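Please see the structure below; I have some questions.
Residue numbering begins at 1 within each chain, and the chains themselves are lettered A, B, C and D in the order written.
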């Protein structure tokens, strides 16, 4: 598998080429460079996957973990060192496919979406950088390599969110995204340090005896690592950066903030799954509860947002939380008894990447058409954008969990895992799944059905009420629709992939079988929610909607403001950290510490003034000093020496 | 002829040549030739050093030589380098080299500027190659004093005050240091000033160590921006001209850390072990406090100066942890901070040279006006906040891993506190980047400004390559400094 | 009758401190000069007395006295010359006029 | 009596010969011969130094032990003469001015007679000879201080100097008289055996020390210094501040270690107090001082304090550190006074202040540069000689166990650096509307400044100077 190194090198090379001499290239050349390299990477990934899974299982019935490269990058003394390499195992290969596929789609899509934008080359450079970092993250051979690429991913995300660097919101959002995730990374780092110290290695498979000897430290370390993962994967309360991150170009949101980077946290937990299960099951359950709360919170908030990308963002948070919950509810590594969640989580990760990527790209196409993120500017778009409409609908159905679309299968596994953990958990999750269906279809109807914004505006224009002719929505160009169609196709069929054969908690083959009770419940709930959404939003504001709005006004307001989480964070950072810590410290430094130094100088000067009268100019007083001084010395010597 | 002598001889020759040169062309020729020679020499030295190490030469010091200077006082001009010194020499050469280009257009009195500049670098080189305490101290002070004139004459803003403050505080520090050196000399029986001989004897009584270790450490610590003796740094950096800031933050502040390690800790291991906790607390404060102070500054150079306080605090912090890894990290951090800060100050100088303000509230949208400098600034910022692929990450991670190896609650706690600096760093770096580079240009005056000239580009690119080079391939540095650090650690933790 | 040495010494001491007192309190440069002469003479007495009473076998003290008188004369001469000079510049030899140089 | 003893005192005899030659020349030479007067003096002094340096290694005791000479003392004498020579070199401009021209002979004669006095001071092994030497060294100085007859300040400085000098010699003699009373001898070597440290002897010692303290201008015996330095002609100030101080320090060292060896604890305590007071108080005064010559006066008091750090150790190492310090101090201080003297050419009859130096660097870069080096040397900044001398002084005091004292002195170096830098700041940084125009020094001054520059740069780095001094110590 030596060629796998190319998977990393190609995006890096394309980043360097575009970054260093992008300004000299035409837009087209830059786009093609990036896309071609990504296409190669995608092909290589598929080949890798084919070779890897085609190689068959070992005697234990698992796929062998292959490490084609592992070099010592930075020795850290003792047995510790930061290694860089490539590790292939089922989940990393799965992630390679996900990342390279979505990334390729986004690369193609962006050629249309970003056409003519200032900084087009830079955009592609950053995309390549991101892809490189993300690929490096998933193939990491050890936790520290993961951390290295984790940081790089964070930076690429920062750069891409802030792509429109003249837009104040984008600047603020990029800053926020970076700092919040960085804050979480701090815990990750401390977790790694603890882990590294006690296991004497950074690799994912430390020695058993050391793990046992470390005792209570390992759960703490794993918990801290999870905090890092929670930051990247936008778990409550570290989720606040993700909705804002939608300020970046929409394809970026699709790639980074829907399909790949945000699932890094899930991937991290999955990576450490063996340790979690064996040494820190209680931490795993905490993860489940955090995930549950996040899923619920995000779903509720998503129901009332008006910016379509924000709806998708909260939906993403909610769905990632699903994956977290699925991992958290595992109680053993046997997929047949309590270990189902692992497989479910990875499966959902896979399908979610596809349909959420599709949703974002679709949203991008819509935004491209109407030049706004706000739902109020949309409505009735199905006439103008048929391809987008159909693919978007497929994605909605998939995420809502309607069979036979892919989301149904993965979500069903998650729910099954939850029910087997505890019925309460299952019930909650089913409810959230229903909410998901509701808000997705709310979104769908508001965009494609309901009042036709364009016609309204056109009528107004014709009546002379407005001065400018409204822009007629149009279907996106082929570069944009092609990825939509491909992703839609995957979303439709992905559910039938025998995922358990490739990925499972103990590595052995696991055949997915539907739990019909759970499936029925969820289908009923989803369909019910879709119906509700249809009633409420299909043709503009229905009476029911108005009624609900007036009844639950306060709650809806609160949900609209995301339960004021941003304000709380702002209060903590701006008011407390900036105004109450940093400012006083800066003041203290200048006015106390520095002033003390200055005081020494001033005091010396003052003392200089104080001794001045000694030099009176009168020779007699000089001689008084003379004799007096001598006498004092004499007395001192006689009496004190 | 010992090759190390060239590090003193070349600057001396440069001084002489500068003294004789007429006109800006000749001055530049002298400077470029000299600094290039020095750089080439340093690279050769590093390469040769690594080659020798790989060939199995295990002596603590290579290229050693000694000339009796003041025999009655046991003072000699002894030279010799281990990996740490080689790394520092290399760093100095890079900064001196790039600093020359950063001060391409210094006016007025270009000649005198470079005279003092070369004198300063002479001191720096001398300090790193010496193994005799007296010579070290002499070179140390030689490096300090030109700062006064360099800041006072060619600086900006409240330069007289800053220059005076900086000089006096550093000289105050060296007063402590001199006490320490004399204490070490007499404590060890007054037979030699050579640090390696003293270390080999290891006979300084513990009571004396308790007195002189803090003095020596504080003495060097002042230069290493140890809290609460760091206040010269913001003012000094703010007023200094570009290349002086570069050299000062890039190299001079490293003298502090190097000295703490080489003299204070190495020669007085017992006290270092017993009293480390006091200084660990101080340095932890430095690390966090510097970073927090930086958040609310509005002057670019102040931000960077406080950032330096934080980063240099980390150097001392790591040294005091006294594990091999943390000390390796400290050396890496010295290199990394030296390069990064030099880059930062170079960029700030270039921006200031155009906008004539360093107030972040008055600048916006520079990315559109001067893309090269802005991109450079973003890279410098990212390097500073520890992005993998740049030197800062390597250094910080090594430090944290190394510090974490000390297994008790106190050390763990302070390490975790120190770790928070990576978040705070991100806050102030991104704040600045967001404020001055992004957005639409608002100031009409600024819209007419030009991007970097060739000499500026050259400086920036050189430094970025170094920062990235160290960040991507840190292994050779470890090879370089391994033995040196091990020797000292072996003394500290027998 | 032999006068005890202490008497001389007391005399010398008194003389010395009269000189000191004069030096501290007089306001005229000549008076200051006279006062220093008193002090020097007290010293001369001391030397002579010590020689005569404690170490009569040699003459070091007496010699010192002789030289002391001579030097005192020389000093006075120089001082007077400078006082004249002062007078020429200031038209006064009052000490209060000599405070140009201070602080 | 063996009259050849007189000729054994080679330095004194040769210097007297120079003295007499110049005296006679002054009497006889008229008209154009007088124009070579300055050159003649310089040549004669150079010849004297050359002759004495040839005989530097002989050790001899003359006149029944009253006079003693060895290589160190001979070297010290040559060094003082060399310092005096530098002063004379710098004096050329001043002596060419109309009101000094006709009395330049007096200047040489007075100067050389003080030099003879100092020779006797440092060679004396008997209090009488010491006393004579001191008076010979200080009385003509009073005349020199009041040399500018028509300047009020010069006269005032002169009267202050002579009166304080008389007062101090009275006190010193009073002290010596008690020493004589208790010991019964005035020979240094004999007296040491009688020193017991009784209160009477303590009193005597302190009073004696006060007399020397006056010459070295140590606090609290220093108050005349600033006034006299300010009022005296600059050349004389230069002479006062280095040469006469150097001789007195050396004498003090000899007497403390030879005569008062049994009272080492007492005099170390005394010096401790005096040193701390000198350095600190002088520094406090210097910070505030705006008048350049007064400023240099306080600087010299503070420097005297540093020299005391070497004296206090009382060891051979201390002695060599002290001699070396004096040597370095001579070149650095003379460089500064030389420049002040050169600048006074522009500001006739105006006392130079810091502000006059503003932007000196713009118009006179070389002078400013030399001044900077000299100031750095005084402040103890490497790689200039002052750093080495300070370091050695600290080492010797530290060696003797005076750690706290060294520390206090070190802290004070920071203060002293501050005020030295003030001048540097004035020259380099402070702008000036009306800067001093470019000043062209005469060649004599240039030679002198050249020597000073070489000394400042080379004395420390070239260690053979110190090595040889150290070989001669004790």
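Everything below uses one rule, namely that contacts are C-beta pairs under 8 Å (C-beta built on N, C-alpha and C of every residue); 3 or more make two chains touch, one makes a residue touch a chain.
Computed from a prediction, not measured in an experiment: that's the story for all the values here.
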Which of A-C and A-D has more C-beta contact pairs: A-D
Centre-most chain, if every chain is reduced to its averaged C-alpha atoms: B
Between chain D and chain A, distance of the C-alpha-averaged centres to the nearest whole Å: 78
Where chain A and chain C are represented by their mean Cα positions, the distance between them in whole Å: 97
Chain B-chain C separation of Cα centroids, rounded to whole Å: 65
Mean-CA-position distance for chain D and chain C (Å): 27
Sites on chain C at which at least two other chains make contact: 23, 32, 98, 100-102
Shared interface positions of chain A, touching two or more other chains: 601, 612, 615, 617, 619, 623, 627
For chain D, residues contacting two or more additional chains: 159-160, 163, 167, 171, 226-227, 418
Chain-to-chain touches, reported pairwise for every pair that qualifies: A-B, A-C, A-D, B-D, C-D
Chain B-facing residues of chain D, complex: 317, 320, 365, 372, 376, 381-383, 387, 391-392, 394-395, 398-399, 403, 406-407, 410-411, 413-414, 417-418, 421, 424-425, 428-430, 463, 466-467, 470
Touch list for chain B against partner chain D, complex: 69-73, 75, 112, 134, 137-139, 141-142, 145, 148-149, 152-153, 159-160, 163-164, 167-168, 171-172, 175-176, 178-179, 182-183, 185-186, 190
Residue numbers on chain A that touch chain C, as the complex places them: 612, 615-620, 623-624, 627
Residue ranges of chain A touching chain B (in the complex, touch as defined): 72-78, 80, 82, 144, 148-149, 151-152, 155, 158, 162, 165-166, 168, 171-172, 174-175, 178-179, 182-183, 185-186, 189-190, 193-194, 196-197, 577-578, 581-583, 585-586, 589, 593-594, 596-598, 601
Parts of chain C lying in touch with chain D, wherever the complex brings them together: 16, 19, 23, 29, 32-33, 36, 39-40, 42-43, 46-47, 50-51, 54-55, 60-61, 63-64, 67-68, 71, 74-75, 78-79, 81-83, 85-86, 88-90, 98, 100-102
